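The following block contains the structure, expressed as structure tokens.
Per-chain residue numbering starts at 1, and chain names A, B and C are given in the order in which the chains are listed.
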Amino acid sequence: MTVILGQSFTGISIGAVLLLIALGLSLTFGQMGVINMAHGEFIMAGAYTTYVLQKALGDAGLSLLLALPVAFAVAGTLGALLEWLLIRRLYLRPLDTLLVTWGVSLMLQQLARDVFGAPNVQTRAPELLTGNVTLIGGDDPLTVANSRLFILGLALAAVAALALVLALTPLGRRIRAVVQNRDLAEVSGISTARVDRTAFFVGSGLAGVAGVALTLVGPIGPTMGTNIIIDAFLVVVVGGLGRLKGTVITAFVLGVLQAVLEYSTTVSVAKVLVLVGIVAFLQWRPQGLYTLRTRSLV
Amino acid sequence: MTIPKLLTHPAAGFGSAALLLFAAAPLLLTDFRLGLLAKYLCIAIVAVGICLAWGRGGLLTLGQGLFFGLGGYAMAMHLKLADAGPGELPDFMVLYGATGELPWWWRPFESPLFALAATVLLPMAVAAVIGTLVFRRRVKGAYFAILSQALAAAFALWLIGRQATTGGTNGLTDIQGFFGYDLNDPVNQRTVYFVIAAALLAVAAGVRQLIHSRYGELLVAVRDSEERVRFLGYDPARVKLVAYVVAAGAAGLAGALFVPAVGIISPALIGIVPSIEFVIGAAVGGRASLVGAILGAIAVMWAKTTLSEEFPGAWTYFQGLLFVVALAFLPGGLASLVRKARERRSAAPDDAEDVPGAGADAAPAPVPASAKKPEGVTA
Amino acid sequence: MTELPGLRIRGLRVAFDGFTAVDGVDLDVQPGDLRFLIGPNGAGKTTLVDAVTGLVRATGSVEFGGRQLLGRPVHHIARAGIGRTFQTATVFEELTVLQNLDIAAGAGRGAGTLLRRRRSVPEPVTRALDTIGLAELAERPAGVLAHGQKQWLEIGMLLVQDVRLLLLDEPVAGMSQDERDATGALLRQIAEERTVVVIEHDMAFMRSFARSVSVLHAGRVLSEGTVADVQADPRVQEVYLGHAAAPAPEPREAP
């Protein structure tokens, strides 16, 4: 029983990472219907930012704390740049955007290889995060790594912050307006171009934060983004567009499902099963868990 | 009839392609280069299917590796069994310590007929199931692309996870014979090349017929306005399914022919990255143009070999740049440049090929504001 | 001409996330009628057509020639003889006018026909080309047509599709006066053999060509009858004056 609980908690922490990544995706995908394959490389940028900061500062705790805002800014700037250079020229062509951003992602990976070398690198976790917390004591203890708890907290904080921004700030109102009816928002005097760029900045910045979190649980390498990005996309597809709630629920459900299935079968079979589950789910809800309903044809 | 018109006549096109493939290439190229060309032609066969599904049908099939792999593994399984001899286990299974029986799902591949049929029919059957589920529920656009990519990734992972029966990461390697012929013999390698060239021409001819048929027109209509087609009394899901299944069959055949040409099939050849590489050739050459897609696939593969031999890093940058330039700035691919040049030169408008959406870029052509609101383009 | 089926709608209700767009509509359209559906923005006109053609889920009953339509998929309803156009003319821009019509004519084609090239122009297509006056432009891509011509092409597609009931959503929006008159004449001609329902905001156009009129308001039928009946109805006057004297065309969400 504890094993299942332990697996579930591992799943929740996988879900937390997925959530951090998918939050940004959902913002950009929901905002512009754009699938940004380079999102994974923004994660990588965030991770390498942490690495560079730790090299420069030495102190693991301080560099991690500092890395959060810096990685957000670095990845966000990359995202805004990508939006400005390419994506805004491709708004009516989502499939072309997907492939173009794939090309960008290839180039960014190579850039990382040229700058940091092809082999993976590691950062040291701050001491505070290296231990474990025992949730259930006794003969059959359930312990959870501090780093995983930190990631979970980070993901929840990001969700809360994003939800607050969307609900309360003028920027959030504008983003929601553009998501719901771009033309109407435009004629109502909202500069959709600026809203798009800001949304892209925030969404990509969140990927950078996810990258910081990933340094706590794994190595940093040029292809680290590619390996996880498909899962994050599936979260967005299943969660439905434009709704935070769907993304949050799906990220955790998929994470736990993956972890529990992995335990009962193997990693690869678990992946296949999860995917089959997703196809089956889309039979039931082709638009995802939650969706904004409109009268439009498509 | 002017010379350019003569050259663009389909029969002339096929004739000259056959001449190039069957006479010029074997005469001019070394055995090594011919072997490479055989590999490129396999990729071109995949591109033909992508041209139909993506260029004409708007289905961005980012997961053709799945079908390529099914065809490739079906062929390789048979060849491995044939190499091992009757009643024996393939070498890698012995290596991994298997002593007992052949796994049940390997058994049927002892029969050459079953294996050959499976190389094409198995991918088509899998595509039919996936397509029915996905299209019926109107999963489309980017959703479809991501889902098909995830399927290819999952298949590659599954293969890796079952090392004892699939060869795992290594895949099925060291294939020696091809239906009784020794693949190490250069003469037989040439024969394999000819088989592949013939297959490419046959698949291209078949897909060309589809594109020019009423079905081809209907497919373009579904790509451009699926709902409208529905209101005309068609079921767009079935229209798309045909294109998807045909493309899967082409990819399966290509995978099957790839095995004797290269001697290996492995997860690394069918996962996310190769799957997306199948698409880039078609995109560069012109996704909606059959000739463009074929030449694009060959050219990109050639560039990959040439560049990555000498500057592996530069190739990755170049490949990334190809995606960006071809799709962002030249969505019709090189074929659209050729077409424009031809239109400019010839005064007679009927020189343009009579194909539905010949210039069809999935990118919308400029349309009157009344018909489509330019979304969010603030120039 | 065989007996034309009529359209019979009872208690039709469409709700989106708590908002009821169509709220219990009863409507009968007799065979061979040329019925206009008018009403202010948000009255539920387009949603009504969406429900009849299967685009949105609805409750209640929609019978055409005695057959229940609700719950059937869009393409089955189309094959039952019901065709529609959209507020923004939707034609296949990259295909020629001829190809557009040929596709519309072919929903019943078998695989054998579909997989072969089109060798000749089907007879109904030739007739439709003449009817809609686009014979000269048959080989042009539909994307280059003028706005009005696209709308005619859409009507032509319904003709070759051989539907018994045409549901037209603002067929004259954006047309010049001459084009309006031509379209009106075309609709009259079509209504001799088929049943036509037109959603329209153009009151002058309605007065010239309607045989009967239904006024929708807030998801219900407010008034019904001849043009004169409806115009004399005080409730109709109130609804229109209460909103806007000259209702603007209803904007449709981005496709």
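The rule is short, and it goes like this: a contact is a pair of C-beta atoms (placed from the backbone, for glycine too) under 8 Å apart; a residue touches a chain by one contact, two chains touch by 3 or more.
Not measured: the values here are computed from a predicted model.
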{"item": "Pair of chains joined by the greatest number of C-beta pairs in contact", "value": "A-B"}
{"item": "Remotest chain, subunit B as reference, centres from CA atoms", "value": "C"}
{"item": "Whole-Å separation of chain centres (CA-atom averages), subunit A against subunit C", "value": "46"}
{"item": "Length of the line joining the C-alpha centres of subunit A and subunit B, rounded to whole Å", "value": "32"}
{"item": "Touching two or more other chains - residue numbers and ranges from subunit A", "value": "182-183, 297-298"}
{"item": "Contacts with 2+ other chains: residues of subunit C", "value": "55, 86, 254-255"}
{"item": "Of all residues in subunit B, the ones touching two or more other chains", "value": "227, 364, 373, 375"}
{"item": "Sites on subunit B touched by subunit C in the complex", "value": "209-210, 212-215, 217-218, 220-221, 224-225, 227-235, 356-357, 359-360, 364-365, 367-368, 370-373, 375"}
{"item": "List of subunit B residues in touch with subunit A within their complex", "value": "58, 60, 62, 130, 133-134, 137-139, 141-143, 145-147, 149-151, 153-155, 157-158, 160-162, 227, 272, 276, 279-280, 283, 313, 316-317, 319-324, 327-328, 331, 362-364, 373-378"}
{"item": "Of all residues in subunit A, those that touch subunit B in their complex", "value": "29, 32-33, 35, 86, 88-96, 98-100, 102-107, 109-110, 113-114, 178, 182-183, 186, 191-193, 196, 226, 230, 233-234, 237, 266-269, 271-272, 275, 278-279, 282-283, 286, 297-298"}
{"item": "Partner subunit B, residues of subunit C touching it in the complex", "value": "53, 55, 73-75, 78-79, 83-84, 86, 88-96, 99-100, 102-104, 106-109, 113-118, 143, 147, 150, 157, 161, 174, 254-255"}
